[in-house]
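Each structure below is given as structure tokens.
Note that chain A is present in both complexes that follow, paired respectively with chain B and with chain C.
Let's look at the complex of A and B:
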């Protein structure tokens, strides 16, 4: 009896003092010449709601959150945007965090339409880019963003319908992702974002 | 004998309790399935894109139009709680009258704090007077 009590106390101490681990780097990794090489998101060139080009250098020295959407989406996109706004509100004053919302509807979502959408969402912030680009390019880049999240490529609708938010750090590594329609998962994601931002401050 | 009475009493009580919440249960399921994508589960809407249902002043003054809005949708500029909206909402012609009643009752109860109960006959009446709403 006494022994069991000891074990329980010991266990609770161990589990209490467990430290928060550094956010992992997600995706494939490979050891090359004794050095770990991690998956990096590919290069991209898009155009944002103000007609400006957006490339990886736009986010230089910044972490950013990526999602795929389209402005006329009647299903899950509004819910994802609602959650993304929650993340945005929380980290609004942090200049080390940007946002990249990529439209998959290259036909309908013109620069003007993206501008309209950003306005309607009440986003007037250079940190949040709503972008379009060439269709093939958008889909190709998506693979490199959603690489870790796409375990089920056969899911109906594919990545453009799964509503994920992906966290990319300033070294182009994917550090976390969540289901943008699920407030609980987004809560966890926000903690990951917080960890990444404090990790970098150290 | 006493036991039988007790059982009957219990069954009655259970059926009364379950009946009075049942409509909202189904109404919630339907609302979450058909409406929450745009208006959100908590009825808060999305900024300037989708108007809120929760405490909507527009809905409070258009309560009798709700069945028509569900069936036919809504188009044109409207103002909800001080904000303007102009995107088109498509209707849901496939939702049956009894399920419209379920949704309406759930919305009235949950988002307008109104316990008033609307039945299918009243929904039918609302739906036969949709002309003004559609314009």
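Let's look at the complex of A and C:
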């Protein structure tokens, strides 16, 4: 009986001391002066659904999930938004996680339209920014967010209709991404988000 | 008694017969899928169009010694790209997916018309991209 008790205690200690798997930093990296320098997402300046400016400082001290979308998208975006809402529901009480949904339709997705869209999704949370901006800038920034997710790096574009969700940490590093149309891949992504949030609490 | 059983049985059989009228969503779903197939194929090209347009714009901005002929060609190609891209945004903005409440015949007619529109948009996008790539290649050789 005593031996069994010891085994139980030992097993509990082992299971409790299991470390959370640290997520890798994705993207290009190079060694400069003996120090590894990782890809960082570039600067951006957008306007959100309430007409407020959104820049990297909006997410200071926060991790955030990025996706590119447009409100009139008939096929991919509704599927992605459904999955993204699942992620949001799971982590909505965590202030260390924000959301950045960038519209690529600069012609029709005005601030009012983005507000309408956020309302339609029942998102009334300052942590989720639906943004628009200057067209060339939106596409330039996309390259910095999505370069890790493009399967074929010789083919420019495509990110505006491939439904990826990208996880950026508070140091501007990309830590995970998934196919936002695939519920199984999104499940895996949610575990990565959880790991990142846990890793930062340790 | 036998007649009564046969009568009740015949009612059950007639009720279980599948209706020849399909549910509306099924009746136009194939047509809708065809429209969206074209859309999904060319939609990712919008990013490439923006990229090509930017390359042409930059070329024009950084070369002050261009001939009138080249300038016209550059501007025409940029306009063609812009028009092709905008065509897709305009189409998506105007497109309304039929609902189950709609008349099936009308829904199919609407979708057949949308099929023609999206096909034309697809052609415009591909043609404008081809022309832009060709021009960029020509300009690089000069």
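In this section, the second predicted complex is superposed on the first by the 177 of 202 C-alpha atoms of A that agree within 3 Å, B and C clash if a C-alpha of one lies under 4 Å from a C-alpha of the other, contacts with A are read in each partner's own complex, and residues count from 1 in each chain.
Please note the rule applied: a contact is a pair of C-beta atoms (placed from the backbone, for glycine too) under 8 Å apart; a residue touches a chain by one contact, two chains touch by 3 or more.
Everything quoted here is computed from the prediction, not taken from an experiment.
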item	value
Simultaneous placement of chain C and chain B on chain A, clash or fit	clash
Touched partner set for A:162, first chain B, second chain C, both or neither	second
Which of chain B and chain C A:196 touches, first, second, both or neither	neither
First, second, both or neither for A:76, with chain B first and chain C second	both
First (chain B), second (chain C), both or neither touched by A:108	second
First (chain B), second (chain C), both or neither touched by A:142	second
First, second, both or neither for A:54, with chain B first and chain C second	neither
Chain B or chain C, by number of chain A residues touched	C
Partner chain in contact with A:178 - chain B first, chain C second, else both or neither	neither
Which superposed partner A:100 touches (first chain B, second chain C, both, neither)	neither
Part of chain C, among the options 1-9, 19-27 or 73-81, whose backbone runs into chain B after overlay	19-27
Contact residues of chain A, present in both the chain B and the chain C interface	74-76
Residue ranges of chain A in contact with chain C within the complex	70, 72-76, 104-105, 107-108, 135-136, 139, 142, 155-162
List of chain C residues in touch with chain A within their complex	36, 39-40, 43-51, 54, 86, 89-90, 92-93, 95, 97
Contact footprint of chain A on chain B as seen in their complex	36-38, 40, 44, 46-50, 90
Sites on chain A touched by chain B in the complex	74-76, 78-79, 81-82, 85, 117, 119-122
